[in-house]
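Per-chain numbering from 1; labels A, B and C assigned in written order.
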Amino acid sequence: MTDTILVVDKLKKYFPTKRGTVKAVDNISFSVATGETIGLVGESGSGKTTTAQCVIGIYPPTDGEILFKGQTISEAFSKRSKALKRDIRIVFQDPGSSLNPKRSIKQILSVPLKVHRVATKKDHLTKIKSLLAMVELPPDEYMYKYPQAIGGGEKQMVAIARALATNPSFVLLDEPTSALDVSVQGKIINLLMKLQQDLNLTYLFITHDLSLMRNVASRVAIMYLGKLCEIAPTVEFFQNPTHPYTKMLLSAIPVVSQEEKALKPTKIASRGEIPSPVNVPSGCSFHSRCSEKMDMCAQDDPVMVEIGEGHVTRCHLYQDTKVAASIEQEEGVHAQDPVDQPRGDG
Amino acid sequence: MKQNMSPLLDVRDLSVGFKIFEGYLSVLNGVELTLGEGERVGLVGETGCGKTTTVKSILRVLPMPPARIAGGEIFYRGKDILKMKRREVQTLRRMELTAIFQDPLMSLNPVFTVGTQLRDIVKDSLGASGKKLTKKQITARCIEALKETGMPDPERIMSNYPIQLSGGMRQRVCIAEALSTTAQLLLADEPTTNLDVTIQDQILRKLDELVEEKNTSVLMITHSLGVVMDLTQRLYIMYAGTMVEEGQTEELFARPLHPYSQGLMKSVPKLTGEGVSDGIPGRIPNYLDPPAGCRFHPRCEHTMPICQTEKPPLFNVENGRHVACFLYRS
Amino acid sequence: MREQLRTDLRVSLKQKRRGFAKGWYKFSRNLLSVLGLVILILIVLAALLAPYITPYPEHAKPYTNFKDAGKPPSTEHFFGTDRVGRDIFSRVIFGYRFSLTIGVVVLSLGVAPGVILGLIAGYHKGTWIETVIMRITDIFLAVPPLVLALAITAMLKPNLTNQMMAIALVWWPWYSRLVFALASSLRNEYFVREAELTGASKLHIMLKEILPNCLAPVMTKMTLDMGIVILLGATLSFIGLGVQPPKPGLGTMVAEGSKRLPGEWWGAIFPALAIVVVILAFNLVGDGLRDVFAVEEV
């Protein structure tokens, strides 16, 4: 039995605006096991970034709870202990603005060291050098450089080094390679995987690139307009998608080989625009674009049901599968055994 | 490559550089590109390879003090764009060339409604071809153009401001603008990079339909390999200011020949789940002091002595396939 | 550890030198800005060396010589003499001392508090701290600078020191507003978020993360402001609330000389031109600086 490191329980995050309430995250529940990589995928307005922001503490939840290592962490950020700030770290999407252009890499990396007293001032330097070496950037060359002088990939490596500077156990990766070229992406992803093994890290990996997700995550959760549509272990998610939105998204992925084309679900033509989160459609929020819509879909919002080992989906098409749907929602989905990595097995 | 007619667009040995404080950035290094009438050609390359500089050179919108044309010609229907006078270039941009860019929010004027901007373009292009239409007719044309792009509720959109629309809708407006002109050549520079996957899918399919219908020639520039696969017939791969490979899209994907193309294809994460390749070692060259000979040689595992001294031309490997690599010399 | 400090210093000096060379390159592309810089350097040097380079340094002090009064510009008196016989050229050079002093002192006094308040307000945007600071700023801004400076100097004894304090009091809100705008948008940058999430103190974030990104606009504004501050000082002197006669403040001289217009025009025109030249020089340099700091795209 592996430990559960993070539990998100009925999380809600609403933003009141002049035009109405934006329901960025609307009652989601899931949990993450130590050492696994849970992938969160979705398009604009899905709420995946807001979810990460609630976990890391940028926003306090409107409702619901977040438990980290058994402790509730969902109050205001100011109440978070320093130990918590040390333990959960984040790597942002845009390398261009996640590093202060007026500070050198040495200065940037010394901030977390200083705040968390990871090393005494004398040892700062050694620690910074070892951090740079860990992300495979020659320390003497890079320490004094400024962000503008290094490429996007290298900037992300620095961001990763900065995140890992405090020896955390949980790292949120918000589209870490989306702004980078594909030839640079691989190195960073493999570095992240290696570090995960070496340092026993747990990752919450957000990306819109499903092909990347296929190779990185051990479980995938897909969100649409603030709600979870489907969660499944990676291979299952890609081979056996059940939710219509999952299928639509998977069939829209641009691929480069015939082999991959064959793996995609039958083409479901994407229809319609993504509704604004202020104006979420009634019933199941996806019904306005769903090709398999039924009458009840516009009225009732479906609940999560379990349809396979660790595989849950939220769609009326599967409501018959009776596995105590309400209880499932109560406890959240149980994490999958993280030994089951997708790499290598087809 | 169509042998039967002379190409619509013919870029020959184009070299462009920029004079900056640190020295001279030699960006484009002998770019060769052709586009035939009605053809859909892709230009794939990563950040900094010079694709946007190429597009800007074609449109002649490069800021000329720092930028400098070091050599080459860009022939459009037989006339060299680089030698045209300003008036001619303006006419060219108005009547013959059209473009869509990556960020629609930057391409659309935030203080005018979609209707105003679209009417402006439609009126201009119709006026140019000698037709005189009433305001109602122009508006009707605009609405029709929007409908063609798959825009929901086009009448209402006409009175919206760009900021009120979603990214996908803005890009549809840009497409409507681009295709409402008499232009025969569409330059699309990363048109869907900023959009969600499902919207990207819709827009690309729509674009495909529209250019098919109007027989517009398209140069689709992107760093995303998946995007060009379905949309283009022929493909160029660009690296550090030169074309390194050219061929029929499907062929090229199935059998990339240039070491860079091969590395690129390998780097793309696959749905088959075989893990992510480490990518291509090294970095793109510093244009202040680019490598001599083949610009890819420092990162290439098949480097030979000649690669370090001479720039490989695009060798004709087989029917329509060109590779700029000495491995394919004969 | 000391070894490390030395390496740190060496590298940072090298980087600063390169940055400076690059900045100069960008600056020197603007011929007008270079011209402005040259004029400025000449003025500063002249002002510093005034007692040694002016033909009649003693005329800057109380001096009368009615024999030489009212003489038009000549080779002996480049700008002519005023109604009590003092050489206007020498007095103008000495007058630059007052102008430059006013500029430097006012900005030193006014910029720092303005920047600090703006920084604090910007970082705490949305809280009562911002409201308090910015409303106070607004109050000061609502009153026209000249009127406020007038009011303050009128209350106190009119002299150079009080004049400078008055203008400084009028000047800080502009910086507060500038830095407020910069800081409140910088606050949302990822690198600031990251520092907050790491747990860095507010002081660290304001001083080390946000402030360095505000310096460029502040410096440009300071250069452009020098001109306006000098003008404001001259205006106060002109109406008698600044530099008092017989001291050779430029505004004071214009006031005296204007009584003799249009006949003995040199008494008013040359000091006025001197004011124009120094302001123009600062503006040209400021424009050039703006180009230096502009982010370039290639």
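What to note about this one:
Just so we're on the same page, a residue touches a chain if its C-beta (ideal position, glycine included) is under 8 Å from a C-beta of that chain, and two chains touch if they have at least 3 such contacts.
None of these values were measured; they are calculated from a predicted model.
Looking at A-B and B-C, the interface holding more C-beta pairs in contact is that of A-B.
Distance between Cα centroids is largest for the pairing of chain B with C.
Centres computed as Cα averages put chain A at a distance of 52 Å from chain C. Per-chain Cα centroids separate chain A from chain B by 33 Å.
Inter-chain spacing, taken between the CA centroids of chain B and chain C, is 50 Å.
Here chain A touches chain C in the complex through residues 56-58, 77, 82, 85-86, 89-90, 92, 94, 97-103, 106-108, 111-112, 115-116, 121-122, 125, 144, 146, 162, 166, going by the rule given at the top. Contact residues of chain A toward chain B in the complex are 43-44, 151-152, 181-187, 189-190, 208-212, 214-216, 234-235, 238, 248-249, 252-260, 263-264, 269-274, 276, 342-346.
Note for the complex: chain C touches chain A at residues 1, 4, 8, 11-12, 15, 189-201, 204, 208-209, 212-213.
Those residues of chain C lying in contact with chain B across their complex are 22, 25-26, 296, 298. Residues 18, 20-22, 25, 66 of chain B are the ones that touch chain C when the two sit in their complex.
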